[in-house]
Amino acid sequence: MTDLSAASHTVTQIRDEYVAMTRTRRMYGGLLLILFVALMVAGFRTADSRNAGSFADGWQRIFDYPAEVVAEAVEKAANLPAHFVTFFPALVETVNIAAAATLAGTLAGTLLALLSTRGMARWPRAIPVFRRIMDIFRAVPEIVIALVLIFVLGGGPVPAMIAIAIHTAGALGKLFSEVNENASLKPLEGLQSVGANWSQRMYLGVIPQVGPNYVSYALLRFEINIRASAILGFVGAGGIGYELRNAMSWGQGRYDEAAAIFLLLFITIVVVDQISGQLRDRLTHGAAL
Amino acid sequence: QEQIDEFRIGILGGENAQDRMNNNQCLADYASEVLGVPVKLFAPADYNGVIQGLLGGTIDLAWLGASAYAKTWMSDPEAVEPVLVKYNTDGGYGYHSVGFARKDSGITSLDDMQGKVFGFGDPNSTSGYLIPSIEIPQATGATMDSGDYFGEVKFTGGHEQTIVAVNNGDVDAGVTWADGLGNWEDGYNSGALRKAVDAGLVDMNDLVEIWKSKPIPEGPIVLRKELPAEVKAKMTDLMANLHEMDQDCFYGVAAGEAMAFKPIDHEAYEIIIEARKSKSN
Amino acid sequence: MTAAADIAPDMLKAQADRLFLRKRVFNFGLPALVIGYLVYVFFAFDVPGLWDRASFENGQTLVRDSYSYKTHVTRNNSDASVSIAIEGERKGAYPEGEAPDWVTLGAVTVIDLGDGYEVRFGPETVEFDIPDYGTIRATPSRSAGVQAELPPGEMPEWINASKNRLAVTTDAGRLTVTRSRSEVFRYFTGWELFWFTLDSPYHGVGPGALMGLAVQGEAGAIWSDFWNNAMWRHKDVAWAIYETILMAFLGTIGAAIVALPLAFLAARNFTPMRVVRFGVRRVFDFVRGVDALIWTIILARAFGPGPLTGALAILVTDSGTFGKIFSEALENVDSKQIEGVQSTGASAVQRYRFGVIPQVTPVLLSQILYFLESNTRSATIIGAITGGGIGLLLTQAIITQKDWEEVAYYITLVILMVVFMDWLSGWLRRRLIAGGGEGARKPAAKPATA
Amino acid sequence: MLRIDKLTKRFGRNVAVDAATLDVDKPCMIGIIGRSGAGKSTLLRMINRLTDATDGRIMVEGRDVTQLRGRDKRAWQADCAMIFQQFNLVPRIDVVSNVLHGTLNRRSTLATMFNLYPMADIHRAIDILDRLGIAEHAPKRAEALSGGQQQRVAIARALMQDPRIILADEPIASLDPMNAQTVMEALRRIHEEDGRTVICNLHTLDTARRYCDRVVGMRDGRIVFDGLPEQLTTGVAREIYGADASFSEAATSTEIDALDATTPLREAKALV
Amino acid sequence: MLRIDKLTKRFGRNVAVDAATLDVDKPCMIGIIGRSGAGKSTLLRMINRLTDATDGRIMVEGRDVTQLRGRDKRAWQADCAMIFQQFNLVPRIDVVSNVLHGTLNRRSTLATMFNLYPMADIHRAIDILDRLGIAEHAPKRAEALSGGQQQRVAIARALMQDPRIILADEPIASLDPMNAQTVMEALRRIHEEDGRTVICNLHTLDTARRYCDRVVGMRDGRIVFDGLPEQLTTGVAREIYGADASFSEAATSTEIDALDATTPLREAKALV
């Protein structure tokens, strides 16, 4: 097959070329490695010097704080069940924030994805616009939107929900549009040929194809959003994160509360992780929706 | 005598992080001159950041709130010692927790607050939570639990949030801090209300004062106990004389008009510690 | 085909009817469930009440303030001194005796707010001319409070007068008079002092002229005046962004380095011992389940505030995430290649190096790069707590609720930063994972496991 | 009935269809042949309005179809069904629903979203499937069917539209000979029994000859032949396909007869 | 030289190799045939120590290879190269590096981690590739090569090990006839020129007959035939494959000659 070109190459030539190639590759590889290591080291040193405590001094004390919390929690272990009951409503609120935000974000993300996929878009010219919108939705940290909204709407779960929903719409929109790109356009053309309008085409032609993937991604996002909604509580958006912050920043004397809340939150995250992991496995490997 | 190779100052929240860093930069420069080592400033968003730093030995000096000092002391009495406190222009070193409501709500005192929504600020704040949570029950004769006297008691998250929440009607009344000097309609001479007024967030005409605490001691400037005695002495000295050395710098560090930093010790805060203990589980 | 014969069309029709009935139940049931849930949330979150409580004025203030700035003209009523400062800040204060052209200092300070609106600070009385309304007079005094004289008629809602205070809010500007001071705020569009503060000789110099000066050798001074701008502090902001990216970089790469060897312990095909695998996986779950923010607080005791703490918090959380993703990638490796290397008598380490690493590199690399981008966002938040980076500046600016132009500026910077990191990681992905349409697609599909 | 007048489509510089003119005055079955890239698909897609024409007109009962917009355009599409080489069904959805998609144009978006098709439509769909001999697959997912069955589902969908014209773009190109025959016969029957016009792109001469009343030949976007199947001699075919003397019809054949002859050879080999 | 003594491998209840005994006293080329599941692969994998034997011994120069551990085991693996049906190369890495993997056992782990092979080895690798006629692909990634070329790279890797024995597990099963021939010829040449022993699993009789000096037949894990290619009659083959009278050798053939005979038939069809 390639014997023609082989004839023009003597072995020595090939050998020299390969050796030369290896040399440059080793050199670039070496340089890259050095550059990378230098970046890491320099970065670490900068961070270390701009930090209050240095890494060398601090690493033995890593467990000081958890130890303090655990010690108090163990001492007041009898209070824990009562705390679980007390903080359960807050947990429900956190999960609700995550669920409602995931739901809203998924719907918006679906729409954005459909509007920004070639071959499906309602207004093909506006694809870049919708893409940029998704980029921006994704880029703004939830905490920023939440803080701004708290200013307008007052504290509580709604700003957090909106903030998470916006971010979710951006993140899922991007993933969804990638899923869409792998969907077949043939059914769409088939539907178009019978005179179906855009929403009919999308609902009947695209969604059945991409549904399982969508659900799988949305579940994953739900896991992430539970964590996010707990964190937003930290800045005053209600829910269990808010209680956790209050307990943690009170410090000594309420560490048992902190421990109880933490356990509650952690268990929830693990449970949702597991359930959604199983569901997603079934969706991607099994067939039906 | 052991040596230090750098000195780290923690600054508490309440102001724009950059402003805080900037206002305290002159202090850092003086300290560096006096101590002969580099000085770094840290301004974490949370009270807790500085407290953890003090406890962990990564922050050497900080100006804490009274409640935050109590918390630090309760976590580890050997961690820090209070050295100085800010004296106001009137010669006192106290400030007040002020309860306020919207004028158009018709609320003029705690008596009108029965069954209404009450807002604390940050649970770590002395004036925003600790003191009112002790003194208000004494005034109302009931606990601060939701539904007992007040219809609901919430945390808004901070002084600024409380003011906005009251102004918006999210809560019927709230507490925040003020120096208690000057006039109500200006939002007093300094304090959270004054800042909100200056920022155009609220109009003091819309608000009324419904309660005022006994004077609360200003938070102390603390030094880490483990620091070499010489370092502690030099820093205490520097700060105590700051108002004479550099008026502008003093203004920045003290976050407004004040008389001077003067010595104080742990006893002044026993009462706060007691208050805090009574609030712990 | 033959089955067709024995199923009558009528039966098929009945069957189809049932099918559609089921579909409809599903089609109505699912949205009903969703809507039901949303209704529950609607009331659980008290959205109707929220509508009442929402303060759109705040929103307007916020929006207006984010693209405009205000100049304070303040008269201290006790000593009659007048000071002018942009945003009322010391750093933006006009030097004593100087004023912008719309303020005339003198015995009577005249403040021209444009469109016929004019405020005069007299020795005793403050006067405010308002077109189509008249002139408001207010006389503050220690003893009698603020005595306001308004034009006849009902008091409009934009005037708020009480015994001790008068506040007038108009489109042209705001006036407040209390016993201690009289103050006028005039709003202008733009980010004033963004380039140079008032004390810089370059303030107000046009771009062309600046270029000229720069060419004449003043470039250094110009840069220094801009860079050290006390109002906008470009230097600190640049540092903050650098710190944020640094946290993301150290955290992500560090996590990858920690997670890679551990991932082998969690992969079925490399660690036959169930106990070890189970243990390592639970450790991954744990560090992943505790959010980076909580790690930040835990680590703050040991390392104090600062970027290193933030980086370590990211490192710890992501070690768990990477551990999980990497171990999944390792479980999917093709054993043929490993066997090929093994058959030459290679040692275990060599087997991993040549049989495994080349296979998983594309997946690993694209994951790492993806996380580098998303961690930039996390670092923004972590920085807010641990005291570093743009996140701190941003959250503080928001929480103290003033200077919304700074908030707008920081938000813009954060968005640009994240978009830049997004682009960078995409670019690196394309460069490093060359030759793989497959490899290039993966990251997108993969964050799945994040 | 249908008049295509100087219909032209340009893709950039490339002229896919070049002033095609065609007159259909009574329902008939038309086969369009021509080699790959001749513009057959583009022509059909323009008639169905899946692709916009660059120039020219398509007149149906006095209206210029190329000018229709929005709702009117969709109504026209409903009136002129299209069948695709790759069937273009929604694979994850059951067969009846796919057939019912033929009624989308008549139903409101909301109703279709909730699967609120009238009972009568559902029953008619099953009748149509029955007519095409695949009624027993009604509840299955479309993707579970063989190619030939899927194409018949596509035809059923087209019939569900109750169109006056059926356009079929190489309906048998991805089918094996056995299935191809079933599908072509179904199309022919529809034409004969319902009197609908069927326009069918084909890539084999013999299929066109066997099933169509009229054959149109395209080459490089232009219509170069329009006549009865009988007129389609090998010489004409060579011209349409632009082929030289080595052109052999069998090479394009998918007829079962033509193939049957070769099968024994293969088997023989295996038994050597 | 190599003595396999009652070598047995059990997977649970299943006996994959059942007391196989084989004696190789001088370098030769051995073909192992047998139907799928006969235990051919398992036997080779035990010799290379990729799989541990359940029972029995493999004696090489007085040592029992099955007892080797750690370094010694790896040294033995280096001495007895293995070639796989699926090539088992590292696809993302260039050809020369793949060949250089043959030297891994001789080099320190640390040096190889960073791809630091001695120049002499690199040159030898290219020489070997040249000998196999694929030197010009040296800098390409392995995945960019065709199957036959990849298999030759795998052989080059084996040669790089400079082994005494080369084990090849169905080296041509995933190759087309053309490539299969090249690969088998390469193996034969290596045996002849270098005097290395080559043991080669094959699934076609004629390949075994054509290239091997000695053919071993396996059935259900047992060695049921061991002799010269000439002795391999159709009867014997039927026994090995456990086939009935309908068994035809050609059915398993991949030889080019065997195929050539059928090609004209296909072409003939196309020209009908």
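Going by the order they are written in, the chains are A, B, C, D and E; count residues from 1 in each one.
Going forward, a contact is a pair of C-beta atoms (placed from the backbone, for glycine too) under 8 Å apart; a residue touches a chain by one contact, two chains touch by 3 or more.
Computed from a predicted structure; not experimentally measured.
Hide chain C: connected chain groups?
one piece
Going by the touch criterion stated earlier, list every chain that contacts chain A and also contacts chain C.
B, D, E
Show me the overlap between the contact partners of chain D and those of chain E.
Shared contacts of chain D and chain E: A, C.
Identify the chain pair joined by the greatest number of C-beta pairs in contact.
A-C
Kindly work out which chain lies most centrally, taking the average of its C-alpha atoms as its position.
That would be A.
Please name the chain that ends up farthest from chain E once chain centres are defined by their CA atoms averaged.
Farthest by centroid: B.
Could you put a whole-Å number on the gap between the CA centroids of chain B and chain C?
27
When the C-alpha atoms of chain A and chain E are each averaged to a single point, how far apart are the two points in Å?
Roughly 48 Å, centre to centre.
Using Cα averages as centroids, what's the distance between chain B and chain E in whole Å?
Their C-alpha centroids are separated by 81 Å.
Any chance you could list the residues of chain A touching two or more other chains?
50-53, 58, 61, 64-65, 151, 154, 235, 248, in rising order.
If a residue has to touch 2 or more other chains to count, which residues of chain B qualify?
8, 10, 42, 46, 48, 52-53, 56, 58-59, 158, 161, 164, 168, 170 - these are the residues of chain B that touch more than one other chain.
Once bound in the complex, which stretches of chain A touch chain E?
Where chain A meets chain E, its residues are 1-3, 5-6, 9, 11, 14-15, 17-19, 21-22, 26, 29.
Which chain D residues qualify as touching chain C in the complex?
94, 96-97, 113-117, 119, 122-123, 125-127, 130, 133-136, 138-139
In the complex, go through chain E and note every residue touching chain C.
Touching chain C from chain E are residues 48, 50, 73-79, 81-82, 84, 86-93, 101-102, 104-105, 109, 112-113, 141, 154, 157, 161.
Can you list the chain A residues touching chain B in their complex?
On the chain A side, the touching residues are 50-53, 57-58, 61, 64-65, 68, 76, 79, 150-151, 154-155, 235-236, 242, 246, 248-254, 256-257.
Going by the contact rule set out above, which residues of chain C touch chain A in the complex?
Answer in residue numbers: 34, 37-38, 41, 44-47, 50, 53-56, 58-59, 62, 243, 246-247, 249-250, 253, 285-286, 289-291, 293-294, 297-309, 311-312, 377-378, 380-381, 384-385, 388, 391, 394-395, 398-399, 401, 407, 411, 414-415, 418-419, 422, 441, 444-445, 447-450.
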